[in-house]
Each structure stands twice: as C-alpha cells, then as structure tokens.
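Presented sequentially are two complexes of chain A, the first with chain B as partner and the second with chain C.
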Partner chain A sequence: MTHYSDLEFLKLSRGQKIGYKTASFFRSIPIGIANFFKKIGLGIGKGCKAVGREIADIGRTFRDGDIHTKMSFFIMGWGNLARGQILRGLMFLLFEIVFIGYMVLTGGYWLSMLPTLGTKGPVKELDPILDVFVTKYYDNSFKILLYGVLTLFFIAAFIYTWRVNIKQNKLAEQILKSGKKLKSGREDLRSMVDDKFHKTLLALPMTGIIVFTVLPIVFMILVAFTNYDGTHDGYYSNLFTWVGLDNFNTLLGWSSGNKAYSAAFGEILTWTLIWAFFATFTNYFLGMMVAMLINKKGIRLKKVWRTVLVLTIAVPQFISLLYVSKMFAKNGLINQGLMSLGWITQALPFWEDATWARITVILINIWIGIPYLMLITTGILMNIPQDLYESARIDGANAWQQYSKITLPYMLFVTGPYLLTSFTGNMNNFNVIYLLTGGAPTNPAASTAAGSVGYTDLLITWLFKITTGAESKYYMASVVGIMVFVVVALISLVVYSAMPSIKNEEDFQ
Partner chain B sequence: MSTLSSTERTAKRHMGINTSRRISNTAAYTVLILISIIWLVPFVFIVLQSFRVESTWQVGYVIPQKWGLDNYANLFKTDFPRWYLNTFIAAVATAVLQTVIVLCMSYTLSRFRFKMRKPLMRFMLILGMFPGMLTMIILYRVLKDLGMTQANAVPGLILVYIASSGMGYYVSKGFFDTIPKSLDEAARVDGATRFQVLKKIILPLSKPIVIYTILTAFMGPWGDFVFARYISFGTSSGMNVAVGLYNWLNRDQIANNYTMFCAGGVLVAVPVTLLFMCLQRYYVEGVTGGAVKG
Partner chain C sequence: MKKVLSVFLALTMALAMCVTAVADDKPLAGTYDVKIWVAEAIVDLTKAQIDNYNATNEDGIVINPTIEAVSEADSATQMLLDVEAGGDLYCFAQDQFARLVQAGALAQLGAGASAFVTENNDAGTVAASTSGDAIYAYPLTADNGYFMYYDKSVIPEEDIDSLEKLIADCEGAQKYFAFEMQSSAWYLASFFFATGCKSEWKTDENGEFISVYDTFDSPEGLIAVKGMKKLVDSPFHVSAGGADQLANGAAILVSGTWDFAKASEILGDNMGVADLPSFEVDGTSYHLGSFNGCKLLGVKPQTDALKGAAMHRLAQYLTGEQCQMERFEAKAWGPSNLAAQASDAVKANPGLAALIAQNAYSVPQGQIHGSWWDVAKVIGDDVKNAADEAGLQQALDNYQEKIASLFTLDDSV
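Up next is the complex of A and B:
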C-alpha cells in the first residue's frame, strides 16, 4: 500500500480518503502488536542486563568492602549497627530474623508442598476411643497454594531488602571515606516526611493493593491451572491439584471432545463485544447530542434540564435498574398498561425473546448512560474555541458541516482515551446486565454443560454464574477471567496505538 | 427607494432568522421535555407505587387506588433496618478511609518524581484490566477464615472496598496536576518539608477533589451488589440494601414484596440523592476533569 504525504492526502477524493484511512488503521494493528512484543523483548533483554549488572555490583561490593560490609552479607544490618545507624540496623536485623523464622517454621513447608498441592486428603478413620468412624483432615490445598504464593512474595521481598542492605553499606563506606557524617536515626525519621515522603504516602495504598489485588490475582491465575471447584475445595471434600492447560483447552476447545464450553464462550464473547460497542457509542453520540441541545443558544432553564438527567446518577443504580427491569417484565407495568389500553393483546417479550432482550438492555443502558456523557461532554463542548465556528459560518458551513468538521473531530480527539476506558468498562458492566436480565433469556444450545448461559450474558456475568452456580467451577471462572483480561488488553493495545490523541498530540493545541 | 428596499430586505432576513430560530428552539424544547419525562417517569412511578395499599403485586396502572404508609410500616417488620444500618456503616467507613488512600496515592503520583513512578502506573493500569470479581473467590475464603463473612460481613466488606481503592487515583491525580508546582517549590525554598507542603498548601486548595472523592466513596457501597452478596452469602443480617432488596424481587417473593421494594428503594434513594444533589457541583467538576485527562 502506498503511503501519502499530508498534501497528497488532501488531493484524494472523499471515497479514497476514507479507504486510505481505514486501510491505514488496519495496517496499524499488526504493527502495533508487533511493536508491543518488540518492546516486551527489549524489556526482557534490558531486565537481564540489569540483573547481570546488579550481580556484578554485589560481587564488587563484597570484594572491596571492609569487614562490616562483608558481615552485612550474612547478617543484615550489621554494617549499619557498626557504623552507628542503630535504627536502620535494627530494622534490617529484625526483618532477617522474621524472615528466617518464618521460613523455618512454616514457609519451607508451604513451598515444599506447592508442586503437589497436598497429597493426603480427608480420610475416614476409626477413632480408637469412641470406636466410630470420623473424618480426619490432613493437607489443605487452598492454604498450600495461598501461603505458597505468599512465601514466594516474601522471598522476593527478602532478596530486595538484602540488596538494599548491601547497597547502603557500600554507600555508607563511601560517605565515611569522604569524611562526611552518616544520617542519624532522627534524620531518617525526618526524611520520612520530607524527601522520602512519597514512600510514606504510598505505603498504605500499596499494601492494600498488593494484599487484596495482586496476591488474589496471582492466586486466581494459578487456580486456572488446577481443578479447584465445589467438589475439590482442597480441604473438606477433596484436594485439588495441578492440571496443566486442561481448563484452557475446555474453554477454547482446541482438542477437547466436549465443545460445550467453547461454544458458549464464542457466543458470549461475540455478544459482549457487540454490547460494548453499542453501549459505548449510542451513549456517546446521544449524550453529546443532549449536551448540545442543552447548550444551544436561546434555551433557558439549562440547570433544570441538567438536574433532571443527573437524578439518574444520584439514585443508586440497583434501585433504578431493578425497578425498570420489573417494569418491562411479562406482567410488568408496561405490558399490563398497554394491554389495558388495548394497544396490544399479548405481552411483549421484552425479556423472553433473545433479540428483544438484547435491544431492550441497550435501550435501557442509554437511559442509564446519557447523563454521564451529558456531564462529560458539556464541559468539553464549551471549551471548543468559538472562532472556529465563526470562521466556518463565514465560509458558509451549515450546521451539519460544523458538527462533522469541528465538533466531532475535536470531541473524538479529546475523549479518545475516555471512549477506550468506557468500551472496556462496558465489557465488564456487570450491574446493568445482571440486575436487568440476570442473563436471561436462557440460551438452551449453549447451556448444556456450561451451566446456565443466557443470550444477554456477558463474560463477566458468566464468570459470576460459574462461581456461584451449583458446581462452583472456580477453575473455569478463573479461565474466563483471564480471557476477559486478554481481550481487554488486546483491544486497549490496538486502539491505543491507533489513537490520534496519542499519535498527533499537537493537532488541537 | 433603493436604500429603503435594502433595509426592508435586512428586516425580512432578520425575521427569517428569528422565525427559524424560534422553530428550532421549539423543537429543542419539545425534545428536552420529552427527555425529562422519560428520565423522570420511573422515579415518579416508584414513589407512587410505594404508597399503594390495595395490592402488593405489579398492576397495570400507576396511581394507587388506595393510598397509605403500610409498605413503609411493613419495612420495619423485616430485616430492612439492619440492611440499612449495615450499608450506612460501610458507606461512612469507606468514605473516610478510601478518601485518605486515594488522596495519598494520587498526590504522590502527581507531585513526586521517583524512579518507580512510571512502572507503577503502568502496572496498575494492567492490573485494572483483570475483572475485580475474579478476586472474590479467594477473598471470600480468606475473610471467612478471619470470621468476617455472613453475619459479620460489614467489616469484611469495608476491607474489600477500601483495600484496592488506591487504583482509582486517576481523577484526583488529574486535579493535583493542575495545581502549579511553583507553589510547592516556593514553600520548599522557604524550608518547608514535603509534609508541610501537603498540609499547608495543597490540602486547602483541594476542597473540590476531597469532596468529590468522599462523595463517590460514600455512594459506592449503596450500589454494590456483587461483593455484598457474595460475602454475606445468604445470611440476612449481613446483607446490604442492594442484596436484601434484590432478593425481594425473586420469583417466589415478588408477589408479596413488590410494593415494599418500592418503599425501601425510596428510603434508600432519598437521602443519597439529596446528598448528591447538594454536592452536585463537585461531582460534575470531577467527572469532567477525569474524562478529559483520561
């Protein structure tokens, strides 16, 4: 494909321009992905080099260091204590003691059990005193996996701290050699609210994120490679164990005999993407229109109109969604009302028919979503320089031309990143789908072995159903979750690399 | 003659503009009124039905034949007050703690330049692409071991709400980015520590974003359904309003509880909505700023 310069591009006819733009968008997809993997490759290369440098530096430090530095390789904090930094030294020492204590007492056990996730499940044994059979519990796969991961985290933290300890020794030696004084404990504490203030501020949020997000996500990714479910809960019923890629095979169906999951996955993924597309763009354009309507010159009571719409945001979503869902039900207000008016004789199948249900959720989502978009776009619309419109009017541009040549490009430019997040947000829009339809109507073809699957189910509601369903197939939920991540990440990657606000940052400045 | 005709023409053209503007404005008003009706109707209906006494089931008309407060009175014979209290406690605790966490995070990422800043932000972006629901399975089991599920769901819920809230730093970071850095630098030159800069300069300027963060944090627990349902796990005394009211609309319960659901919905919506409307300005500022900066 030929590449046009800006001037050549302007000479093209309208059709050619559109064709060129579309082609170059699709051309940019593989390039974007390739670049991404190239970056990853370079990153790994850089990482390896960095590790090499670190090891070399550690070696040099040991060779050139004095006795205190050498001792610090084995007893963390030794150097600090010897050089008078009591507070730091004690912290390092304490950390080492806790770490070694943990590893000896329990950490080693968890780590050694990690490859098997436990070997001895619950057994019925004859109790010699009571002379009855009682169930005795032994290994706990869940705990082994959880504490195994935790121990790995702990080891990583220890290695990092050990490295910091060595670095500090090297630094302290250099400072003392140059005749300066080391920081005292008091100064250390003071730097916590001064030049090290960011570490203090980040401590709490990052602990929360690591314990409640990173650790669970690592755990759940690992669960995708096990058979952890309701009947293999790892302690009370049966142990669970590693199964390799079996679950991915079940979901994607590359060689498994049972295609139920892969069929359901295909259907749900397709609908999820369709839903996200319509939910995002209907809201975007209609919300922009409403905002422009309210902004229109000569319209009074602007505040009133806005407040009416904002009410939908203010009322907790579950109330409005559940209520509207029942309004459209078979015997709900709308059907009963229309029947008593004599307009229809049979209830309209809002939630009973697949196509009806899909269109209805999109329509109701417009009702939910327009107010947000109205708020967001109002501010941006007012920021568009008015002289652009004035000169367009002087040149004789009509309203549509002004919209399509000024307003829309400007909006797309500014809200590009928002559109992307809103698309991925809609893919995971649990509340709207679950509270409106619960996934209904049921899709009998896809539901056979994959639990109950509905025509309006998104991947995220499917995940929820798998988790809370009768069999609680946690491992399948986990695979679906990973798939959600993969899809979201791919879309973000492709769109992000093709987005004008990233590519041509200066266009509107 | 010629001058007269030209003025006439101008007048005519003005009239043309005026009429066309009047027509387009009338059309705009019609659309706006229509929109307002569509947006308000469900809320009006829910209020009307909460006062309906003659039947507890869905009917084909809107205005009750017999008005009364029975539905509201009946609410207090159920677990509803407990759910309400649960949600309220969770909301207040989340509002306070989440605001502290989010502000720490966003202020740091906006104001400090340290080596791990960019990797950290990228890492959180990627982390955010995993569905949060995935973590529910393990969190439930861990919280259960800690005794923070079922009847004691509230502390567990608070923990879950606030723990990862640091990842939602985008909007307030965008706000902090707009405060000129020269303010910080001037204070630093005068010998203020970083902490003093935050306390004496940044925080007084950050009222809008603090209110926005408190408001959104407070509203969150009122609408949370997934975690509340999973952590309370069928135990009524540990539920929040969303889960409790959702159960009333189950197929086997809706016939008796539909109007009571409406009454409960009104009791939940009114205070939250009033609060929101009072602080609307801050919400709009936050949302607009957040979207532009992405």
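Up next is the complex of A and C:
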C-alpha cells in the first residue's frame, strides 16, 4: 500500500480518504502486535543482561572484598555488625535465621511436595466395632500448591535481601576507604522518615499487594496446569497433580480429540468481541447524542430529563435486569401486550432465537448504559470552548461539520481512555448477560463443552458456568481466565498506543 | 527387656479391657456438636425432632445442633466448594448424589445402616442412594417428580388425558401450556419414557460413572420427538416452570409438589391436578412418563469413629417413619418410608395422589452423569427447529453423537 504525505492525502477524493484511513488503521494492528512482541523480546534480553551483570558484580565483590565482606556471603549482616552498623546487621541476621528456620520447619516440606502436589490421598476404612466408615486424610494438594508458591516467593525475597546485604558491604568498604563515616542505627531510623520516607510508606501496601493480589493470581494461573476439579479437590476426594499444557490443548484444540471446547471457545470469543464492540459504541454515541439533545438551547426542563434518565442508575442493576428479562419472556409483559393489541399473533422469540437474543441484549444494554454516558459527556460537552463553534458558524460550517470536526475529536481525545476501559469492561460484562439471558438460548453444538453454552454467553459467563457446572472444572476456568487476560491485554495495548489522547498528547492543551 | 515388654503387654490388655467394658455399656454416650443443613421450611421442625431425639434415644447421645437453612439445590454446591465448612448432616436433591460421592463429601453407610435404608424405603429411593454396591445416603422424601396442574375454567375435565386436546384448548383460549421442553432434560425425558426409551447409568462404588445404556436414538425415540414436536410447535407452548406461570397466563403447568401451595393460591377452586396426558402418533397412544426422584440426607465423612456412628444414628432417626410423617403433616413432603407411604393421610393428599398416579408411568431417576443434562436438554431446541421427519431424526443423531463422544456406551443393562 502506498503511503501518502499530508499534501497528497488532502488531494484525495472523499471516498479515497476514508479508504486510506481505514486501510492504515488495519495495517497498524499487526504492526502494533509485532511491536508488542518485539518489546517483550527486548525486555527479556535486557533482563538476562541485568542478571549477568549482577552475578559478575557479586563475584567481583567476593574477590575484592575484605574478610568481613566475604563472611557476609554466608552470615548475612556480619559485615554490618563488624563495621558498627548494629541495627542493620541484626535485621539481616534475623531475616536469615527466620528464613532458615522456616525452610527447615515447613518450607522444605512444601517445596519438596510441589513437583508432585502430594502422593497419598484420603483412605476410607470401616470401623468394625461401630460399623461405621471413617476417613483418614493425608496430603493436601491445594495447600501444597498454595504454600509451595508462598515458599518460592519467600525464597525470592531471601535472594533479594542477600543481594542487598552484599551490595551494602561493597558500599560500606568504599565509604570507609574514602575516609567517611557509616550511618549509625539512629541515623538509619531517622532516614526512614526523611529521605527514605517513600519506602516506609510503600512497605505495607507492597506487602499487601504481593500477598493478596500477586500470590492469588500466580496460584490461579498455576491451577490451569493441573487437573483440579470437582472430583480432584486435593484433599477430600482425590489429589490433583500437574498435567502440563493439556488444558490449553483442550481449549485451543491443537491436537485431535474432543473439539467441543475449541469450537465453543472460538464461537464465544467471536460473540464476546462483537458484543463488546456494539455495547461500547452504541452506548457511547447514543449517550453523547442524548447529552447534546438535552444541552441544546431551547430545550426546557433539562433537569427533569436528566433525572428521568438517571433513575435507571438508581435501581440496582440486578433488580432491573431480572425484571426486564421477565418482561421480554415468551409470555412476558411485552409479548402479551403486543398480542392483546393484535399487532402480533405469535410471541416474539426474544430469548428463544440466537439472533433475536443477541440483538435484544445489546438494545437493553443501551437502555442501561446511556445514562452513564450522558452524565460523563454532559460535563465534557459544556467544557468545549464556545468560540470554536462560533467561528465555525461564521465560516459557514453546518451542524454535522461542527460535530465531526469539533465535538467528536474533542470527545474522543478526552474520553479515549474511558472508551478503552469500557470496551474491556464490556468484554467482562457478567451482570448484563447473566441476569438477562443466563447465556440462553443454548447452543446445541457446544453442549458437550462443560456447562450448557449458549449463544449469548461471554467468556466470563462461560467461565462461571464451567466453575459451577456439573463437573466443576476449575482448571478449565483458569485456562479461560488466562485467555480472557491475553485477549484483553492485546487489545488494550494495541488500541492504547493508537489512541489520539496518547498519540497527539498536545492537541487540546 | 522382657520385663518391660510384659509390663507393656499387661498394660495394653488392661487398657483393652477397659475399652471393651465401656463399649458394652453405651459406647456412643456423649455430647456431639453437629452442624445440620436443611431446607429453610423445616428448620424449626428439625430442631424439635432433634430435641425429641436427645430426650428419647437409648444410646446416651446428646446432640448439640447448629441448624442452618441451606436449600437442597444449594447444599451440594456449598459442600463441593468447601467440604470442611460443610454441614455434618445435610439434605440434597438426588441429582447431586454422584458428584458428592466423587468429591468425598458423603460417608459410606455401614452394613447395619445400609440394611436400615433398603428395608424401610421404596426401591427408587434406595437406587438413588446407591452407587455401585455401596449406599451413601438416607432417603428423605420421594416426591421429586412432576405431574400436571391445570385451570379448570379453561380446560374441560374430559380433555385432560389427551395432549392434542390440551394444546387445542390452550390455543383456543389464548392461554399458555407451560412445560420445560427447551431448558430442562429432566422434563423433556418425559416424551422418551412414554415410548419406552431408556437412559440408564452404571456407577462404581466411588461414584464414578462407568457407562450408559441409552436408547433415545431409536424408532421409539423418533415417535417420542414427533409427540414433542406437536407441543413445542404450538405458539402457546412456553418452556418455563414455577407456579408464577399460572399467574402469567398459563392454563397448564407441568411441575411438582413444591408448587402445590402456590398454585392453589393462584387458581383457587379452579385448580385441577392430574397425571400427565397421552399423545398420539400413527394411531397409537403413549402416556407421558416422568422422572421420579427424591431428596436425600447425607453424612459428611468423619475422622472420629464415635462421632461418625452418632451421626449415622441421628440420620436414621431423622429419616425414619416418625420424622417423615411429621414432615408430611407440617409441609406435605412425600415420604420415602414404606410404612409412611402406606398411611391413609398420605394417600389422601391431592398433589401426592397425582404424583402416585403418575408414578405408574415414571422411571426412577437413579444416578445420572451431570453432563448428560446439558447434552440432552438440547434435544428440545433441535426438535423445535426441525422442519420435517428427517430433521427430527437429525436431532436424535446429534444427541447420539454427543453422548458417544462424552461417555462410554453400553449395549445392555
């Protein structure tokens, strides 16, 4: 495809301009994806180099360091203690003792079981005297996986601390050599609320994020590589174990076998993307239109209109959605009303037919979504400098030109990031789909893929059905969760870098 | 060394004698903290029944109960999520049985308890509590089946035996026929059982499914879907359940005893109850069948044999004739206990009478693989979309292909 300069572009006819822009947008997608992977590759390369540098530095420190530094390689904090930094030295030493104690007492066990996730499951025995079965429980795969991961985190923290300990020795040697004094414990404490205050403040949140966010995510990702499900709960029924990439194979259908999952996945992913696209943009443009209508000069009772629309927000979604879902049922309010009016003789298949159901959920979503967009855009619309419109009018621009050249670019610039988040939000819009249709109508072709998959199921509702379905396949749910993340991440990265708010950051400032 | 050994042996023997001495005299005596999950409707009743048990049992067992309201539909899900936090005794619908056994959430019954179950309960409910040769639960009710509620002001009495006439009546009166054909395999199996089709599972004693003997894809199955086609093609058929349908313009509802109270409230004197109708294909009439299921009471596996034994004693009491009759009197729950079923009061209950009439055509639910429900329910949609007989056959072929890909098929039971 030819690339036009700005001047050449202006000479093109209207149709050509649109064609050129569309083509270049689609061309930018693979480039964006390629760039993304290139960046990952570069990042890995950089990381490897950094590790190499660190190891070399550790080696040099050992070679060149004095006896205290060398001892610190084995007994953390030795150098600090020997050089008079008692507080630091004790902290390092304490950490090492706690670490070794933990590893000897329990960490070693969890780590050693991690490769197998347990070897002995529960045993059922009959107590002959009381004529009753009792169960003895042994290994617990779930705990092994959880504490195993925790132990790995702890080891990583230990390696990091050990590295800091060595770095400090090197630094201390340098400082002493140059004739300066080392910081005392008191000074260290003072610096915690002074120049190192950011570390003090961040210590608690960081620990929280690692324990309550990162650790569970790592755990959930690992579940995708096991056979953890309703019949392998890891303790009460059967142990679960590692299965490698089998589950990904099932979902993506690399090799022969049951293709139900891969077929269902393809279909659901397609619908999820279609849904996210329509749910986002219909709401966006219609919401903007409503806001503009209400903002228009000469419209009376502005506050009333806004209140009426906002009322839909005031009612909890699960109530309004369940109610609307009933309204559109075969013998619901809408169908019965239309029939008694004589407009139709048979009930309309709002939830029975795949295409009807898909269109209906999008339409109902508009009804719930518009008020939010109206609220957001009202503020932004009022913020557009009126002189822009005035000068446009003087130059003879009509309403459409004003909209497409002033309002829309401005809106896209300000709400670009919002559009992106609402797109990803809609991909995971569990509420609307689950409460309205529950995924119905059933997709006959996909009924062999855990849970009854329907035509309006999104990946997220499918995930829910897999988890709570007949066989509670947690591992498949985890795989689907990872796929959702991959899709969302790819789209976000590509779109984010193509957004006007990012590309032309200076435009409206 | 020998001395030490002999002292040790003597001590052990003395200890053993001590234990047997206690064992002879009320070995189970003691107080047990027990968490019990029952449906909200019977929480108070269960509390009273346990008080009664504490006062009357001869083993010296004192139960200190914590009774929580967890519905039968929900309890299996809750148990599977976290067995440790689950109730020691819990009620559940029989379709969850195999899942619970597989998940290690049900304690197998000893020989005495197994004999108690087989001797006192009807055969269908015993089958529902059995996997392989092992019994894992106590039948609690035997009323989980469906029959027909109808509006007498719309449906003439003489039409209730014919599906075709019922459909015509509904269409004539612009009223709905509510029968879950597109959303539930439990209901749509009705047509297949009518023509003698079978879907029966073999299980082993760990709750694992071995194979299925299934004849839905057969000449009889084709007759069944022809009958089903008549119903689903009617513009006034609605695939929905719940007594609410009767308030929303339905004149006929296929449902179970759980809707009895609400249905009579909605329809008042116009409420009619009957067994399911017959449909006609090629001049032969087939009476609609049904699944006939039950609710069960299970004991969570215990690590302490004494507590385990006490739990099983309590479970036997709660599922015995007396407690089942009390539940029938208070909440009209249909008993599984043979003696209770034979009582006049049970026979006189209209909802249960319809259920018993329908039972002549019903199939005990037994154990069914959880995924079967998802696969089989699709038949309803496929039949609705079928244009001709070839399309109907295609629906059956699709079903057959799917169960063949998922399960091990068996040629005979």
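In this section, the second predicted complex is superposed on the first by the 432 of 509 C-alpha atoms of A that agree within 3 Å, B and C clash if a C-alpha of one lies under 4 Å from a C-alpha of the other, contacts with A are read in each partner's own complex, and residues count from 1 in each chain.
We adopt the following convention: a residue touches a chain if its C-beta (ideal position, glycine included) is under 8 Å from a C-beta of that chain, and two chains touch if they have at least 3 such contacts.
Nothing here was measured: the structure is a model prediction, and the numbers come from that model.
Between chain B and chain C, the partner in contact with more residues of chain A is B.
In the superposed model, A:342 lies in contact with neither chain B nor chain C. Of the two partner chains, neither chain B nor chain C is touched by A:15.
Of the two partner chains, neither chain B nor chain C is touched by A:179.
Of the two partner chains placed by superposition, only chain B is touched by A:213; chain C is not.
In the superposition on chain A, A:396 contacts neither chain B nor chain C. In the superposition on chain A, contact is made by A:440 with chain C only, not with chain B.
By the touch criterion defined above, A:468 lies against chain B and chain C together after alignment on the C-alpha atoms of chain A. In the superposition on chain A, A:237 makes contact with chain C only, while chain B stays out of contact range.
Of the two partner chains, chain C is the only one touched by A:130; chain B is not. Shared interface residues of chain A, touching chain B in one complex and chain C in the other, are 329, 331-332, 336, 339, 468. Against chain C, in their complex, chain A makes its touches with residues 122, 124, 126-127, 129-137, 230-231, 233, 235-238, 258, 260, 329-332, 336, 339, 345-347, 352, 440-442, 444, 447-448, 450-452, 468-472. Residue ranges on chain B touching chain A, taken from their complex, read 21, 24-25, 28-29, 31-32, 35-36, 38-40, 42-43, 45-46, 58-62, 100-102, 104-105, 107-108, 111-112, 114, 124, 126-127, 129-139, 141-142, 159-160, 162-167, 193-195, 198, 219, 222-223, 225-226, 230, 241-242, 245-246, 249, 254, 258, 261-262, 265, 268-269, 272-273, 276-277, 280, 283-284, 287-288, 291-292, 294. Across the interface of their complex, chain A is touched by residues 23, 27-28, 77, 80, 83-84, 99, 102-105, 107-113, 174, 176, 182-183, 208, 235, 238-240, 245, 248-250, 301-306, 308-309, 312, 369-371, 373-375, 377-378, 381-382, 398, 402, 405-406 of chain C.
Listed in rising order, the residues of chain A touching chain B in the complex are 142, 146, 190, 193-195, 197-198, 201-202, 204-206, 208-209, 211-214, 216-217, 219-220, 223, 290, 293-294, 296, 298-299, 305, 307-320, 322-324, 326-327, 329, 331-333, 336-337, 339-340, 367, 371-372, 375-376, 378-380, 414-418, 421, 424, 428, 430-431, 434-435, 460, 463-464, 467-468, 474, 477-478, 481, 484-485, 488-489, 492.
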